[in-house]
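To keep things simple, chains are lettered A, B, C and D as they appear, and every chain counts its residues starting from 1.
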Amino acid sequence: MKAAIVVFPGTNRERDMAIALRRVTGQAPRMIWHHETDLSGVDLVVLPGGFSYGDYLRCGAMAAHSPIMGAVRDFAAKGGHILGVCNGFQILTESNLLPGALLRNADLRFLSQDCHLRVEVEGTPFTRRWKKGDIFRTPLAHGDGNYTADAQTLAVLEGEGRVAFRYADAKGRVCADDRTSNPNGSVNSIAGVLSENKRICGMMPHPEDLVDPLMGGEDGLPLFEGLVEALVR
Amino acid sequence: MNKPVTVDESLAREFGLTGEEYGRVLSIMGRKPSLTELGVFSVMWSEHCSYKSSRKWLRGLPTKAPWVIHGPGENAGVVDIGQGYAAIFKMESHNHPSFIEPYQGAATGVGGILRDVFTMGARPISNLNALRFGSPENPITRRIVDGVVRGIGGYGNCVGVPTVGGEINFHPAYDGNPLVNAMTVGIARQDRIFLSAAAGVGNPVVYVGSRTGRDGIHGATMSSAEFDEDALSKRPTVQVGDPFIEKLLIEACLELMATDAIVAIQDMGAAGLTSSAVEMAGKGGVGIELDLDAVPQREPNMTAYEMMLSESQERMLMVLRPDRTELARQIFEKWELDFAIIGHLTETGHIVIKHKGQLEADIPLEPLADEAPVYDRPSIAPEKPAELGSVHAPLSLDAMLLQLVASPDLASRAWVWNQYDSTVGGQTVRRPGAADAAIVKVEDTQLGLALTTDCTPRYCQADPRTGGAQAVAEAWRNITATGARPLAVTDNLNFGNPEKPEIMGQFIAALEGMGEACKVLDFPIVSGNVSLYNETRMPDGTTQAILPTPAIGGLGVLDDVSSAVGLGMQPDSDLVLIGATKGELGQSIWLREILGREEGAPPTVDLAAEKRNGDFVRAEIQAGQISACHDIADGGILVAAAEMVMASGTGCELESPDSGIRPEAFWFGEDQARYLVCVADGQSFCAKAAQAGVPARLMGRSGGNDLILPSGVTISAARLKSAHETFFPALMDQ
Amino acid sequence: MKVRVTVMLKDGVLDPQGKAIGHALHTLGFEGVQDVRVGKVIELELHGVKAEEAHEKAGEMARNLLANLVIEDYSVEVVA
Amino acid sequence: MKVRVTVMLKDGVLDPQGKAIGHALHTLGFEGVQDVRVGKVIELELHGVKAEEAHEKAGEMARNLLANLVIEDYSVEVVA
C-alpha cells in the first residue's frame, strides 16, 4: 500500500500518522505539501490532524480550498481511498467529500482524553479487522468534534450503514446524551462516517496515537492493518 | 519623531530608570539620548532584561556537570542525553500579562518559551506549566484559572506540542498576582545547536515571522513593576498570540537549520527588536546597524521608538551567510512568513538605528551591557520559624483522608490536563497523572525524558532556605521515581519586591538552599528566569507579596524508555515504604486543611538521605524489581497510597503505623526523601534496602479495589476518586 | 468599500455557545433574556468596487469560504 | 426586543483570524480585499423592555460579560 499524507500549514499530527503507517506498511509514507497537486501512484490519501490555518474562521474551511484538495477530489472521484482524522475529517466535510459538519464541543472546551469507539459496520477497508459491535479505545484531542447533520442526511447515513464508529462506554453502550461516553455531544454519538462508496472515512479520534504498547496500547492498529489488507497491490 | 517629547530625568523615571541610572546613560552617551536611545536603555536595564537585583546571587548557583553542553547565558540550557542527542529546555514566567488578560497572557507565555527553545535548533517536544492562583473563594480566581488554562491549551494544542505536566497551587497570596510559568523541552542533534552570538562584519541581519505592531510597548518594564490599580490603564500593552504563525515559524526555522545558512539566531522576546539585536551583536563583539524602514509593519506610521520596543509575538532575528540569503528567503516564502533583511553587522561596536533617513540611535554596545546596573540590595535574613507545638486529629483517619484528597491543592487536575493535548507527536509514554514525572520518548531512539516541575511555596514562605532545597529535591525525587536519571534543572524564581530587605532575604536564602541541593544531588541549573515585583498594591497603600516561589523544572533521562514505571498501584504486590518517618506536620497540607493553620517549620531536607534513598530506588527500578513507584509529598503516606489506588483502581490493605508516632503524624506528616513502591517480595526487598543503608518497611499488600486502613475501615477506589475529582469541575463549571 | 458579512448558525442547529452565554447572563442577574444566538462577523475592506458590486462579491466570498452553508446562514451589508 | 451586540478586537490589536482569512480570500482569487477583521455577534431576545432600555441593558451585558474590554470594543443595536 502506497500511502500519502497531506500536510497543510498548521497540520501537526502528520508525524504520528506517519509512524502508524510505517508500522503497518514497513515504509515511510509520502508527505505531500498542500501546494502540490500530484497524487499519482498513491493508494491511500490521509488528511491528518492538526490546526490547519490555525482553525481560524472554521476548522478545515481554509484547507478545503488548498490546491491539493482539487487532486484529492479527483482521486475520490476515481474511487480512491481517503482517511481523514480529526482536522482531516473537518476538511473532508468542509470539502463536501463527507456529509455533515463538526461544531464546537458541547461543553465548549477542548477535550483531550481517551474514549471508546464501537465499530458499527464491518467489511469496509477501514473496519475489516473488526467485527460489528467491537469496542476499542483511542485518544481524542479536539475542540470542534461535535458531529451534526440534518435529519435527512442522518437517515441516509444510518440507513446505508455509513456510520463507521460511535462513541460508547467501555462496555459498548451508546448514549448520546451522556457526556462521559459521548464527550463532545455528537448527534447519535457519531465518531466517524463513510462516503457512499465506503472508500472515504472521516473520524475525530486518533487511532494513530495508539499503535504501540509503549504509548499505552495497540488498540488503534487494526484500522491501519485493515487498510493494508484492503489496499495491497 | 512624531511627537516632540523632551528627554530628561523625569521621562527616564517614567520609563523605569532611577536618577542615578539616567546619569549613567548621560555619561555613556556623552550627550542627551534621543527618545529611542532612552527607550533602549530603559528596557535593557529593566529588571526583566538586566537581572540587576538578582545577578549577584544567580552567579552562586551550580551550573556545571560533564553532561551540560550549554548552561545559563544562552536562550535555553542544553544537556547531553546520549546517542548524539541533546535536550534543550527552559522555563519562563508570564505572570503580569496573565493577570491583565489571562488567556492571551498565558498563551503568549507558551509562545515565548517555545521560541527560546527552537531558536537553538531544537524541535519542541513537550510543554509543562507551573501555575499559582489566588484563593478558590476569591471570585476572580475562577476567571483567571479559566483564561490561563484555555490560553495554555489554545496555544500549545495549536502548535502541536504536547503539554505533559505541570503543577497548580491555590493561595490567597496570589489573589492579585497569579503565577504562570511555562516550560518547553526540545530535542536537537548535538552537532546542530544554534547560538545567538553574531559574527561576520557585513553579514545580513534578517527579520522573520509576524509583522511588528504596537503591542506590549514597555512590556519588559511593566513586568518589572509591582501591580496597582493602574494595572488596568496599562492594558493596551496586552499582546495577542498567533499560534498558527508560531507553528509555521518552527517548521520554517527547523528547515533552514538543516542547511548551513544561519550564523546566529535569536528570538524576539521581551523588549523585542532591542534586546535581540543588542544581545546578538553584544555577545558576538560586533556592531549592528538596522534600517527600520525594512521592518515588516502591521500598522502605519510607527516610530522608531515603537518598533524598537514593540513586543509583537512570533518574530525572530537571524544573521545569515550572505550567499545563503536567497535560499532562506525561499524557505520562509514557502511557509508564507514575512522575511526581510533589516540591517547588517558592522565593526563599530555600536548599535545604529536608522529610520526614514534619520539617525534614531547610536549606542556603544559594550557599556550598554557592562555598565548595566547591578545591585547588591540590602537584605534581612529570614527568621527561623517556631516549631509546631503538639497537634491532635479532630476527625477519623478516613474522614481526614477524604477531605484532603478533595482539597484544592491535592484534588485531581484532570479537568485541567484534559484540555491540553498530551499525545500529539505520538511519543507520550506517561501522560499527566500516570507517573511522578511525565515520560516522553525521543523519536527514533529508545531514549526517554522524564519531566517535572516542582515547588512548595508554603515551605519557602516559612523557611526559604529549606523550601529552596526542598523544591530541587522534590523535582529530583519525581524524576527518580520513574526510574530516570536526573540530569539538570531550569528554574523560575518568582518573588516580591526586591527593594524590600525581607524579600531580598527570602531570595538569597532560597537560592542558597537550591544551590546546595543542586550540588549534593549533582543536578545543575542550566537555564532559568527571574520574576520579581510580584506584589499587589492594596487600596490602603500597603503591598502584599506572593509566597516566595522558586519553581523548579527538572529533566531526567532513561536510556531505555520502556524501563519507566508509573505510580498506579499494581495488583498482588507488597507495598514498601522507603525513607525514614518522624511525622513532620509543620507547614503540612494536613495542618492547613484539617486544622486551618499555616504554622511551624517545613520538613527537614536531608540531602544525603535524599540521594541515598533515591539512588537505591532508581537502581531497583532499573533492575526490574519495582512495578510502581510514587514519591511521598503533600499529604504524606496516606495521601500517596490513595493516589496510587486512584491511578490504577487497584486497592491495598495498609499495615499499622510505627509505634511511638501519633497516627496523624505518621500518615500525614510530610517527611522528605520517601517513596512508596510496589514489589513482588517486600521482605527481601527491605533486607536489600537495609544493606544499602536505606530505611524501608513493609507498608501493606495490594489487591482488590479498596483502600483498607489498619483499623479495617474500607474506602473504595471509586469513592476516593469521586471525592478527588469534584473540586475543579465544581469551581469552574458552576 | 467596507462590507460586513454576518454568519449565524441556522435555526435548528444547536448553539451551545449561545446557550452558555444565556446561562451566564442569567447567573449575573440579567433577567428577561430569552434566546441567545452567537455568530461571527467578518468586516472586509474592498478596494476598487462600488457598493452593489461589493455586496455581490462579499456574498460570493461568504458562499465560498466565510460560511458553511450546511450549518450556517449569512447576510451581507455594505457599511461604508 | 431583539438586540445585537457586535464585539470586535480594538484597533491595533493583532487579529490573527482576520489576517488568515484575508490571505485565504486572496488565494481564492478574490482581489482588492484590503483589511479583514473578525468579530463576534451576539443576538439577544430581551423580554419586557422597550427599545431604549433594551439598548442600555445590552450595553451593560457587553461590559460585564460579552466583550473583553482589555482587547475588544463593542457596539449595540436594537434590531426589532
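Following the convention adopted for this analysis, a contact is a pair of C-beta atoms (placed from the backbone, for glycine too) under 8 Å apart; a residue touches a chain by one contact, two chains touch by 3 or more.
From a predicted model like this one, the values you see are computed outputs, not experimental measurements.
Novice: Counting C-beta pairs in contact, which chain pair has more, A-B or A-D?
Specialist: Answer to which pair has more contacts is A-B.
Novice: Indicate the whole-number Å distance between the mean C-alpha point of subunit B and the mean C-alpha point of subunit C.
Specialist: So the centre of subunit B lies 41 Å away from the centre of subunit C.
Novice: Could you tell me the distance, in whole angstrom, between the mean C-alpha positions of subunit C and subunit D?
Specialist: 9
Novice: How big is the gap, in whole Å, between where the Cα atoms of subunit A centre and where those of subunit B centre?
Specialist: For subunit A versus subunit B, the centre distance works out to 36 Å.
Novice: Counting only Cα atoms for the centres, state how far subunit A is from subunit D in Å.
Specialist: 34
Novice: Mind pulling the subunit D residues that touch 2 or more other chains?
Specialist: Correct list: 16, 20-21, 24, 28, 38.
Novice: Out of subunit B, which residues touch more than one other chain, so two or more?
Specialist: 242, 244-245, 336
Novice: Quick check: what residues of subunit A touch more than one other chain, meaning two or more?
Specialist: Subunit A, residues with two or more chain partners: 53-54, 56-57, 62, 65, 107.
Novice: Considering every pair of chains, which are in touch?
Specialist: All chain pairs meeting the touch criterion are A-B, A-C, A-D, B-D, C-D.
Novice: Which stretch or stretches of subunit A touch subunit D in the complex?
Specialist: That would be residues 53-54, 56-57, 62, 65 of subunit A.
Novice: Would you pull the subunit D residues touching subunit A in the complex into a rising list?
Specialist: 16-17, 20-21, 24, 27-28, 38
Novice: Which subunit D residues qualify as touching subunit B in the complex?
Specialist: On the subunit D side, the touching residues are 9-10, 12-16, 19-20, 23, 68, 70-71.
Novice: Going by the contact rule at the top, pick out the subunit C residues touching subunit D in the complex.
Specialist: Touching subunit D: residues 6, 8, 18, 21, 24-25, 28, 30-49, 57, 60-61, 64-66 of subunit C.
Novice: Which residues, counting only subunit C, touch subunit A once they are in their complex?
Specialist: By the definition above, subunit C touches subunit A via 13-14, 16-17, 20, 40, 64-66, 68, 70-71.
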